[in-house]
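Right, I'll just put the structure down here and ask away after.
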Amino acid sequence: MAVGRRRWVIEALIDIVLLTLLATVGIGIVVIRNLLAVTMLSGIYSLIVAVLFVLMDAVDVALTEAAVGAGIMVILMLGTIALTTREERVHGTGHNLLAFVVVLITGAALIYATLDMPGFGDPEAPAHTHLSPRFTQDSPEEIGIPNMVTSVLASYRGIDTLGEVIVIFAAAVGVLLVLGGGAVRRRRPPTDADDPAGEGRR
Amino acid sequence: MFFVVAVAILVTLAFALVRAFAGPTIHDRILALNVVGTKTVLMIAVVGFIVGRPEFVDIAIVYALLNYIGIIAVLRVFEGHGLSAPPAEAEAGKKERGR
Amino acid sequence: MTIVLDILSWILLAGGSALLLIGGIGLMRMPDFYSRIQAAGLTDTLCSIMILLGLTLQADSIPLAAKLLFTLLFLMFTGPTAAHAMAKNAHHDGLEPWQSDAGGGSSKR
Amino acid sequence: MNQYIVLRVVSRLLIPVILIFALYVQFHGEYSPGGGFQAGIMFTAAFVVYSLLFGLEEVQRAFPPVAAHVLSAGGALLYIAVGYATMLLGGNFLEYKVLLPNDQAGETFGIIVIELGVGITVAAVALSLYYSFAGRFVDREAGD
């Protein structure tokens, strides 16, 4: 009992420190105007978020964050910066009182709404009393694979996942329509004279 | 013991963040990103042991492999060549491979 | 036997943590980019080796230990490579190393 | 301009490892964290790092943009095809257990196939996005 309690305290402490770092990074992203620096900071953000997901036992989400945040998101943001500009332009004074009030009220309403939500990991929460027991208890027999996240995503919610795949495909179609396919036009046809010994072709 | 390591990593993360904010040049920020990346790999491995599910190491491997791709991309864009190697360097790469 | 392994892994973990902190302080306190990359890049590799080896000694199954060692191997490849590329890029970009006497202090904070 | 020779050598060692680890994440998703989405992104990351160091043209010779465009539809079609296959075998849409005589084996088989479809779509989509961004810059540089 004492050991479990100590582990809980340790996890809570790590959570608090990580969330503080996360908030700092978020503020930095808003304040800093150099877009390359902002890209660095958003990379750091996704790294810290992945650690938080691991702490919350959401391993699959953490792996997605690892692959997307470290692998491809930074690269696509850099691609946008390479095509546009490295410095954010500031319009006007940058202060808008009305917008600040609206954000404040919305934020307060959202925080008020969280008071009604069940606590993190509360066993009495509605989500844990109806569907979760069925998925966690029956899926190993019904599907026969140990990772329940995969069985829920691919089998119980198969049509949902199909929708996600179609959304990804539609996003790609949109980007291709805006930016073009990106095939490199060869500046000159490669001839054997350029590469007499065929070195380039291994 | 794992907790001590976790605290050390968290403190180092905070130091790296300070560098990422203060960094007078963009190079300092790239360095901070790299440091946070390696520390995250260690942090995920240690946290896996703390919460008692050490199969989290898979995620650490993904980070160890992918973190430096971001660094290469940043350096490439910083040089002003967009997102792929310029023709001159591509030729150099071909020559190396031919050897 | 286990107590020997435990003590060994604690020594490795403690040494790794100390190196981590030294690297972090160096990253924050050093006067210019090249000395910072020295502090961060050099300690990074050794502290990764020590911490991951310490964790490997605590692993209770062979696949887990193998995965930790693989992580270590990849970090040993990517860490120094990234540090090298960053330093070379900064040099290429024309960043002057900081000198303690007057002049050349372009990157001094 | 031979700035990145160390990076090129190390990356040539690491790219196969990234590809193999992507396949591990793809096909081990039933036992450990992972699945098609993560694997597809990692697969793309390997191609991206090659393009960053050896030029876009080299990568497009190995994986032409047309192939990426076709495969991004192909993965989704593979997913839908599994759905129709289950309907033809007398089940509901995406009711995998009719695929094989054993219920559990059928479910597992169906999940592996649709994860493969997801992986193909995500990898091809991410690669086409990268081609779009990088190719545009190459064009602009050549035009100047």
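For reference, chains read A, B, C and D in written order, and residue numbers begin at 1 within each chain.
Heads up, the rule we're going with is that a contact is a pair of C-beta atoms (placed from the backbone, for glycine too) under 8 Å apart; a residue touches a chain by one contact, two chains touch by 3 or more.
Keep in mind that this is a model prediction, so the values were computed, not measured.
Chemist: Determine, using the mean of C-alpha atoms as each chain's centre, which chain is farthest from chain A.
Modeler: The chain lying farthest from chain A is C.
Chemist: Measuring from the mean C-alpha position of chain A to the mean C-alpha position of chain C, what distance in angstrom results?
Modeler: 27
Chemist: Provide the C-alpha centroid distance between chain B and chain C, rounded to the nearest whole angstrom.
Modeler: Centres of chain B and chain C (C-alpha means) sit 11 Å apart.
Chemist: Roughly how far is chain B from chain D, going centre to centre by Cα mean, in whole Å?
Modeler: 23
Chemist: Where the CA atoms of chain C average out and where those of chain D average out, how many Å apart are those spots?
Modeler: 33
Chemist: Got the chain A residues that touch at least 2 other chains?
Modeler: Touching at least two other chains: 59, 62-63, 66-67, 71, 75, 79, 82-83, 187.
Chemist: Residues of chain B that contact two or more other chains, please.
Modeler: Touching at least two other chains: 14, 16, 30, 32, 55-56, 58-59, 61-62, 65-67, 69, 72-73, 76, 78, 82-83, 87, 94.
Chemist: Quick check: what residues of chain C touch more than one other chain, meaning two or more?
Modeler: 74, 78, 81, 85, 89, 92
Chemist: Select the category (line, ring, star, complete, other) that matches the graph of chains linked by touching.
Modeler: other
Chemist: Please list each pair of chains that are touching.
Modeler: The list of touching pairs comes to A-B, A-D, B-C, B-D, C-D.
Chemist: Touching residues of chain D toward chain C in the complex: what are they?
Modeler: Touching chain C: residues 3-4, 6-7, 10, 13-14, 17 of chain D.
Chemist: What part of chain C is in contact with chain D in the complex they form?
Modeler: 74, 77-78, 81, 84-85, 88-89, 92
Chemist: Once bound in the complex, which stretches of chain A touch chain D?
Modeler: 59-60, 62-64, 66-68, 71-72, 75-76, 79-80, 82-83, 141-147, 149-151, 153-155, 158-159, 161-162, 165-166, 168-169, 171-172, 175-176, 179-187
Chemist: Which positions of chain D touch chain A when the two form their complex?
Modeler: 25, 29-35, 37-38, 41-42, 44-45, 48, 56-57, 60, 64-66, 69, 72-73, 75-76, 79-80, 83, 93-94, 96, 103-105, 107-108, 110-111, 114-115, 117-118, 121-122, 124-126, 128-140, 142
Chemist: Looking at the complex, which residues from chain B come into contact with chain D?
Modeler: By the definition above, chain B touches chain D via 55-56, 58-59, 61-62, 65-66, 69, 72-73, 76, 81-90, 92-94, 96.
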